[in-house]
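In the two complexes that follow, chain A is the common piece, with chain B as its partner first and chain C second.
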Partner chain A sequence: MAANTDAEILLTLTDVTAGYGAGLILKGVDLSVNRGESVCLIGPNGAGKSTVLKTISGLLRPKSGTVVFAGTDISAMTSRQRLGRGIVHVPQDRSLFPGMTVWENVMMGGFILSDPNLVRRRMEEVADAFPIVAKRRSSAAGSLSGGEQKQVELARSLMLDPALILLDEPSIGLDPKSRTSVFASIAGLAKTGRSVLLVEQNARSGLAVAHRAAVLEAGVVALTGSGESLLNDPEVARLYLGAGASAHAPRS
Partner chain B sequence: MKALLARVGVVRAVAFFGVLVIVPLVTGQIGWLTNALIFTIMYAALASSWNLVGGYAGYPSLGHAAFFGLGAYSMAIVFNGSVYGGYLPFVMLPLVAIGAALISLPIGWVAMRTRADVFAIVTITVLFIAQTLAFNFNTVTGGAQGKSVAPAPFDVSTYNWPFYYAMLTLLAIAMGISLYFRRSKIGLSLATVRADEEKAHGVGVRVTAVKLIAFAVSCGIVAMVGGVWAYYVGFVYPQFAVDPLITIGMVLMTFLGGRGTLWGPVLGAFILVPAQEFFAFTFGASQLYLFAYAAVFLVIMLFLPRGILPSISDRLRKKRAAANGILRDASDAASAVSAQPAAHQTGVTR
Partner chain C sequence: MHALIQAIILGILTGGVYALMASGQTLIFGIMKVVNLAQGAFVVLGAYLTYTLFVQFGMDPFASVLITTPLMFLVGVGLQWALIRPLHSDDVAQLSLLVTFALALGVEGILSFAYSTTLTNIQPKYANFSWTVVGYQVNLVRFCAFALSLVVLAVLYLVLKRTKFGRAVRATVQNPMSAQLLGVNAQRVSALGFGLGAATAASAGSVFGMLNAFNPGSHYDLISRLLTVVVLGGLGSIGGSVVAALVMGVASSVVSAMASPIWSDFTFFIVLLLVLLLRPRGLFGARTRGAL
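For the complex of A and B:
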């Protein structure tokens, strides 16, 4: 996919530091996402990828630096306020309520909306876009397979008609077939004009659906470029795409 | 379907409260019956209130008897000398509720930062602090000597009736609030809090606020029940007003009938309180009745481990699912049979 060079900036992180307790995970992250752009964040375990998403969605407050969304500094806002502004976070762990039905779970995506007609309309739109929602509407969410649950999570994220969707390792724990269908859905989300910030260990699939990508190492952005250019970068390929693994494999 | 269920619910509620409203009118002078019903309804109201926090929010408070005692002492302190015609204590109950709810807010704010077993320990500590205060704050509570409420100037033949209807009103309030919680965003929020607070935050639920609302409302109703109890029994002693057994009663009845359900706590109270009375009467002062009481609880929990109502609805759901499954299996088998020749034609063996 081609990079979206002249687009309006939707999200900017400037010199953001954040962490849990006294320790810092993010040590000065600079990152931006344009409107309608998909950005993939890759990096080794512990680099702070999920922490970046939590800092944007408000589950974690930055210790310093600023998070600016659509021209407003949202660094001090609660996660609910950020939801209201159109930032939706789909976390790495299964985030559905297992005891509730699929339909109720999707409805929970519009929890902060006060107009029931709007909720109903969005439910219909979401059910059209994600057939699993209509098909399994009365099933307990916990009874769905991992891939189906992820589809429902993606469907739920659309209930607020968000401008920015934060996806934390959506393919984790999924079989190859479910993974393919989840990435197809992510590519579909990007086509609707929403911005997507995707964290993905499965770097090759993540970079393939992204306009742009960034490599996070030890809490700072070490490298940025188009998804395509990073896919072709020999250093990135060696570190994150599994290239050269055979060269280092022990001889039998 | 939804409308039909709602209608069934209304009919059930009207029948239940209708019967309870006319019981004193029909049974007339049978004092022991209204007396026994007052305590049964009292525990039904307590268990329904506890259910708001322990059931819907999933926070098993063991400190609710502190608020029962708070309501009881409020009544004894204010109406120690006179009850001004007899009905003023009932009229003052909403103030008792507001006072208890306000006191419960900071307690809940601190306690609800913990979860599950730690929350239970923190709240039982609140109970023992309240009991210690009741024993030692002599000038206000009368200490171990207790404090009396002035006797009610009601007609002897219908003396129990005002207390009976007051308790019944409090049960209706507790169940009404339960129903409101279930049908409103508060109930939905509490369900998500019970399931997973992190996830609840993620969809925009005001987790702390909704937990505190449930805790404060629950404590407020429990305090009103304590107020009516104090007025009825006429004397408030620390060991009975702030009694861990009151908390345990609420918890047991809610678990027995079904935690997080509308009718479960009521059902639990209407089984356990009469059972306790009956066994105490049968076995006398030997304390043997406690074995029988425990046996009832154990037997029900053994056969209906999630409580009566949830276990029954689970079984019904499984039966329905099994029936659907049989139909589905039959249709799957039919399609498998029809697919068989095609599989053979391609030479594929499955």
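For the complex of A and C:
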């Protein structure tokens, strides 16, 4: 995908450090996401990719540095406050409620909305965008396949009509067909004008749907560029796309 | 055969009350992973509150549920806020055992001071009234206690299934981090859940006091039975607890009638041992886990 230029900045992380207990995982992260832009974060295991998302969604507070969203410093805000501002986080592990129906799960996506009519309207919109929601609405979410569950998670993430969606390893554990379907949905999200910050081990697919990408190594951003340029970067290809991988962007 | 069926009827009616007590225990465990060792003490406290309303104000024990249940709900919310909330989440399972046991001892001590340790019970005029239905005796109080338990359980079911709060509770039970990411306030859900657990104990306590002689130390026997029911039903499954309570009620009653009342108390633990040997997750642990 071509990079957005001259776009309005939606999210900026400046010199962010964060971690658990006394240890630091993020050691000064600088990162930005523009409105309507998809950014893919790649890097080795333990580099802190998921921690970046947690720091943005409020599951983890930065120890230093700032997280600015839509012009406001949200560093000290709770995850619920950030949710209310339009930041939705879809975590890596399966995040559906397995004993609740698909419909109830999607409804939970609008939990902080107080207007039932708005919730109902959003659910209808989401069901139109993701047919699995209407098709399996009465099924227990735990009975769905991994790929179906991920589609419902993506559907649920739209209930608040968010400005920024944080996706943590959406393709992990999925079969190739489901993976293709999930990346198609992610590309669809980007086309609706929402910003997406995607963490993905499957770097080739992640970079292919991203306008821009960043490589995170040992808690700092080591490299940034367009998704296409990183796909064509021999060093990135060697490290993250598999040795001897084609330097040309594949695509679905 | 007549004695067996009579024992089964008695067991079902008794089991319904245990189901009510255990549903609160299960709810609290499901939300907070807290094994509430004070649940038996809450039942006894509910019984004493009912006793006071009956003796001092002449209030019917069944009607007193309308006062004791909301009162204990508020007490439960307050206790969660004061005692459980400060515990660090990583240690809550272990520390809560100590805290809730201390709470149970505290309730026992206060009740002993206020009411003495002499056994008492609540005896409304209709306490010994029974119907004969196709040759079998059905005690009015036991029947109404069972009916009350069904009504409270039905209300609990509707709250969990049909309300926004109920969805938040089930979401928190099934995936706490995901619930938080969707804006559920886990602390608020925990406080209200603990309150609901205490409220079910209070409503069960009102009828417990009519069915059994009790004193402040009765919670020891109660909590051992409740833990048996909750483990047997599969930790965290209210439906499982209800079925387990009915199974245990019937088994205990049948053993009492067909063998000896002495063996009745052991029935709970023998059945528990057998089920855990054959199904370590309890009767419904695997199938309905997360289905609170």
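A few notes on this one:
In this section, the second predicted complex is superposed on the first by the 244 of 252 C-alpha atoms of A that agree within 3 Å, B and C clash if a C-alpha of one lies under 4 Å from a C-alpha of the other, contacts with A are read in each partner's own complex, and residues count from 1 in each chain.
FYI, contacts are C-beta pairs under 8 Å (C-beta built on N, C-alpha and C of every residue); 3 or more make two chains touch, one makes a residue touch a chain.
Bear in mind the structure is a predicted one, so any value in this text is a computation, not a measurement.
In the model built by aligning both structures on chain A, chain B clashes with chain C. Within the superposed three-chain model, A:Tyr20 lies out of touch with both chain B and chain C [touch as defined at top]. Judged by the touch definition given at the top, the superposed model places A:Met100 against both chain B and chain C. By the touch criterion defined above, A:Leu83 reaches both chain B and chain C. Looking at the superposition, the partner that touches the larger set of chain A residues, chain B or chain C, turns out to be C.
Common to the chain B and chain C contact sets on chain A are residues 57, 59, 79-80, 83-84, 89, 91, 95-100, 108-109, 111-112, 156. Residues 164, 167-168, 170-171, 174-175, 177-185, 288-292 of chain C are the ones that touch chain A when the two sit in their complex.
Considering their complex, residues 185, 188-189, 191-192, 195-196, 198-199, 201-206 of chain B touch chain A.
Across the interface of their complex, chain B is touched by residues 57, 59, 79-80, 83-84, 89, 91, 95-100, 108-109, 111-112, 156 of chain A. Contact residues on chain A toward chain C in their complex (touch as defined above): 57, 59, 79-80, 83-84, 88-89, 91, 93, 95-100, 104, 107-109, 111-112, 142, 156.
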